[in-house]
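So, here come the structures, one by one.
Each of the next two complexes has subunit A plus one other chain: subunit B in the first, subunit C in the second.
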Partner chain A sequence: MESLDILFIVQLLIAGLLAGALYALLACGLNLVFGVMRIINVAHAELMLIGAYFAYVLYTFFGLHPLISLVIVVPVLFGLGQLMQRLFIERVVGQHELSSLILTYGLSIVLMNLGLAVFSADFKSIPVLQGSIVLGEMITIPITRSTAALVAIVITLMVYLFLKKTRLGKAIRATSEHPKVAEICGIDVVRVRMLTFGLATAMAGAAGVMLSTIYSFSPETGADFILKCFAIIIIGGMGSFSGAFAGGILLGVAEALVAGFFTTQWSEMVAYALLVLVLLIRPTGLRGIAYAR
Partner chain B sequence: MRFADSSMDKHPLLTIRQLDASYGPVQVLFDIDMEVYRGEIVSIIGPNGAGKSTVIKAILNIATPCAGNITFNNREITKLPTHGVAALGIGYVPQGRIVFSNMSVEENLEMGAFLMKEHLARKVAVDKVFDQFPRLRERRRQLAGRLSGGEQQMLAIGRALMLDPTLVILDEPSLGLSPKYVDIIFEHLIALRDDGRTLLMVEQNAARALSTSDRGYALELGKNRYTGTGKELLANPAVRQMYLGGGNTLSTAPESFHENASPTACNAPTSLSPTSLSFHRTMGHTT
Partner chain C sequence: MPGNVSSTTPARNSRFQSRVTGSLVVPWLKMTGVIAIILVALAAPMMTSDYILTFLLQLFMMLALAQSWNLISGMTGYVSFGHTAFFGVGAYTGALILTAGLPLTACLTPTSLPWFLSVLFGLAILCGAAVSFLVALPLGILTLRLKGPYFAIAMLGVNEIGRMVATLWVDLTEGGDGITLSPAVLPDISVTYYAMFFLGAAATGLVAWIHHSRFGLELRTIREDEGAAEMIGVNTTRDKVLAFLLSATIPGAVGVVYVMYTSFVDPHSAFTPILNLQMIVIVLLGGTGTIWGPVLGAVIIMGFREFLWAEFPAAHLALLGVLVILVVFYMPRGILGLMDKRKAMPLSHSTNHAPTKEPMP
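Then we have the complex of A and B:
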């Protein structure tokens, strides 16, 4: 009995980590944008769905496996993100928060309705290889989910290293701390913001492609994800890349544990319970930046 | 060593002509004229709200002037975007020794050389600054936010030197530093001038600034009031009365680098302002 319980918990932890990796990828992009521009992109989950539908189209019409689509979707969304920054988001940088909230909320509504018009409200999914690796007797690791998680973690890690090690990545970090001083250093902050939004959009798109292999989705799926993402970046700490990663994994694991020991309905509540808990104990989040001027 | 030919070069390195600037509806600069020649230290002094920092911000195009023009090295830079100024050879040390506190000392310096695309060239430039500030070399891997106030100011100066600028502009270099570090910073400034660089600074510590400077400009309520060599200004009774003795001139507009800073009277007790907190913090580090 004892070992059965432990196996059950391990199984839940694995399921949680796999789901959490996708949350983390999505939330890291959202927090990157917030860090650099102090803008909360309400349309972030719709960007994810663009990735998902893109993969769906490539699969339906060209028979491309989503993992191959990734190679097309990520660069295209990187470009699209830069274009969106240039055309829309740049106009509200430094403005009152309400402007950016309304703008990105508007974008999310437009994108969602475009999705409804083109793809209808039906749930879509991409039936790729199903199956599981069985470890021991009890622990099963679903292949598609673990592939999705692996891709998510690799991409998140790559962006992290880009921010840590490269000249442009460091410029993004510098701009998120002090845009004016970064500018004086010769950094073109308008281009840095384009790069940032492009990166975040590409990350969201990649998350969408992987999502398409494990969930069925409709143009309205974004709503669940964006609310959870908000919770994650507050739990992890606004503006912190590593915080968003930790928060995403944490949420995935917590949801799995609650779903396993209680019911799935309850797991929908976990994000907000964690949110309240973190705000009570550590209001800046796990790795929050204290915005001392 | 000052360049022997610098006195012959009658062409100013930096010229400001009839500069007007305003924050919203409040005009803070009126018809400002200034010149800075190669190889000199020039100070802008004046009480809070006199517009000192605004002059600097106009040069860097952080504040947009409404009239007048600014030329550097015979090139009009009035409308040049801020990120283009560094490439021309102007280094800037912002007020309040702002460093990228979540980045290491070394990364801060690398940011100062952002415009150098070659990794190796950046390393060489970082090493040069480390030679000038050995203290920073010892702490190269530390987060800049963990440095003492004086060390942060050194880092901010080091960052401004990364592209080997001709002109270094400093906004209140001694603000909030312990007396020991004020001495050290001013020694560094003189060393920079002796290195052949040109310095333009805004300082509240007018006596200190003028005694270090070749020339100075005294502003009052956004207008040129007095100008002359450092010594002349120090000896001028009117200047002593207005800028060194401590009159009660009130400020007219905020001019801090921080947008949310509130204007204060020029000789309001500093113990009430946030700078004094960092002052005590710095004291704690140095003693």
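Then we have the complex of A and C:
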């Protein structure tokens, strides 16, 4: 009986880690944008869904496996993100929060309704990956989820290394730390912001592709994810890449534990409970930069 | 009621206070205009068809909701994406109280019944406002003591939580089936109309009163530069929370009257995010943080919706989204801002972390 309980908990922890990796990928992009521009992108989950529908289209019309379409979706969304930054977001950088929040809210409404018009409200999915890995006698890991988590972790790690090790990454971090000084030092901050939004969009797109292999999705799925992402970046700390990663994993694990010991419906509330807890105890989050206006 | 035309731009109002109080003719003109609107609105139930009355009722509903959003988001710059939650809370409170009053109507004599019902309606509206207030209190204290986007983020989730609670707490709310009210406890359409008109007018009056008060000035100082406001001795947390509480009680009352009008409430209709989108569009279009902007915006948006967008329900939302984007880009200060010929003050934030760009075109 004792070992059964431990196995059950291990199973839940693994499930939580796998789900958390996907959250982390999504939230890291959101926090990257916030760090560099101080803009909360309310349309971030819709960018993810663009990735998911892109993979869906490639799968239904060309029979492309989602893992292969990743190679197409990520660069395309990288470009799309740069374009969006150029056309929309750049115009509200440095403006009052009201402008950027409402602009991205408007973008998310437009994207969602475009999705509804093109793909209808029906749930779609790409059921290509099946089966599960069985460890020992009790622990089973679904292949879909572990693949998605693996891809998510690899991409997050690549972006992290890019930020830490390359000159461009350094420019992004410098702009995030102090845009004016960065500009004085000769960094083209407009380009850096384009690059940042492109990266975040590409990460969201990759998350969307992986999401499409696990869950069924509709244009309205974005709402659940964006709310969780917001909770994650507050839990992890606004603007912190590693904080968003930690927050994502934490939320995934907490949700899995609550779903395992209570019910799935309660697990939907975990994000908010953690959010309230963090706001009460440590408003800057686990690794947050103090938010000063 | 507002004193003069020039006070439509809050940022300037504080700077040019002495100049704008000079004009005396404009306030009288405006006063007459306001009284005329009120008289027409009061006489409407006797003169027009039910269709127009229903339209006006919805107009006043959106006006009250938009003004409540204006009160927190327009004046302080703290964006609420979850204002519909208070509307939903009010709607459910109203539905529950009216349902609770139903058994009592059976044991009353025909003469005492109208009295009982008017007390019941009043009670329901007050309770709707009170429950909204109580829901808003912890939310405001939790998120508004922090600067920055915490409030906006938290409010995005609040509406979802409301919908979830309304769906899952079946014993109280009957879950997804919703609550249908008996006609025995529902008022006549003209009563609902007057109640909604009163709420719209009261919300506008409240915004006008705050706009001209010291409190309003403090709120606008917070919007322009919260750090500076703190420095000159404004109790920013108290002001923000107070503004939020006032702003949350209005949708609570509106929700109750809405239920009296539709006689039905379910999680989907009570917590629809579309309502919040409409509030934002109305306020932005008319002019953020102004008294008459939301009135103008409500008339335009509701008129459009009635004549054009009712035809394409799906495209209607996307159009609203496009409108939001266009307004943010090209009319950041709304129609009232455009009408103001003097040089526009950019909405930019000098102390924002990100570099200050040139003002929006």
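We adopt the following convention: the second predicted complex is superposed on the first by the 290 of 293 C-alpha atoms of A that agree within 3 Å, B and C clash if a C-alpha of one lies under 4 Å from a C-alpha of the other, contacts with A are read in each partner's own complex, and residues count from 1 in each chain.
To be clear about the criterion, a residue touches a chain if its C-beta (ideal position, glycine included) is under 8 Å from a C-beta of that chain, and two chains touch if they have at least 3 such contacts.
Quantities reported herein were computed from a predicted structural model and do not represent experimental measurements.
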*After aligning the two structures on subunit A, examine subunit B and subunit C and state clash or fit.*
fit
*asked:* So in the superposed three-chain picture, is A:Pro75 touching just subunit B, just subunit C, both, or none of them (first/second/both/neither)?
replied: neither
_Output check: A:Gly186 vs subunit B and subunit C. Expected answer is one of first, second, both, neither. What do you get?_
first
*Touching partner for A:Gly131 - first (subunit B), second (subunit C), both, neither*: neither
*In the superposed arrangement, which partner chain does A:Lys170 touch: subunit B (first), subunit C (second), both, or neither?*
first
*Touched subunit A residues, subunit B compared with subunit C*: C
*Look at the superposition and give the distance in whole angstrom between the closest pair of CA atoms, one from subunit B and one from subunit C.*
5
*asked:* Can you give me the overlap between the subunit B contact set and the subunit C contact set on subunit A?
replied: 180, 183, 189, 293
_Under the definition above, what is the set of subunit A residues touching subunit C in their complex?_
37-40, 42, 88, 91-99, 101-103, 105-110, 113-114, 116-117, 179-180, 183, 189, 223-224, 226-227, 230-231, 234, 238, 265, 268-269, 271-272, 275-276, 279-280, 283, 291-293
_Give the list of subunit B residues in touch with subunit A in this complex._
60, 62, 81-87, 92, 94, 98, 100-103, 107, 110-112, 114-115, 117, 119, 122, 159, 163, 257-258, 260
_Show me the residue ranges of subunit A that touch subunit B in the complex, using the header's touch definition._
167, 170-171, 173-174, 177-178, 180-189, 289, 293
*What residues of subunit C sit close enough to touch subunit A in their complex?*
73, 77, 79, 81, 142-143, 146-150, 152-154, 156-157, 160-161, 164, 168, 223, 226-227, 273, 277, 280, 284, 288, 314-315, 317-318, 320-325, 328-329, 332, 346-349, 351-357, 360
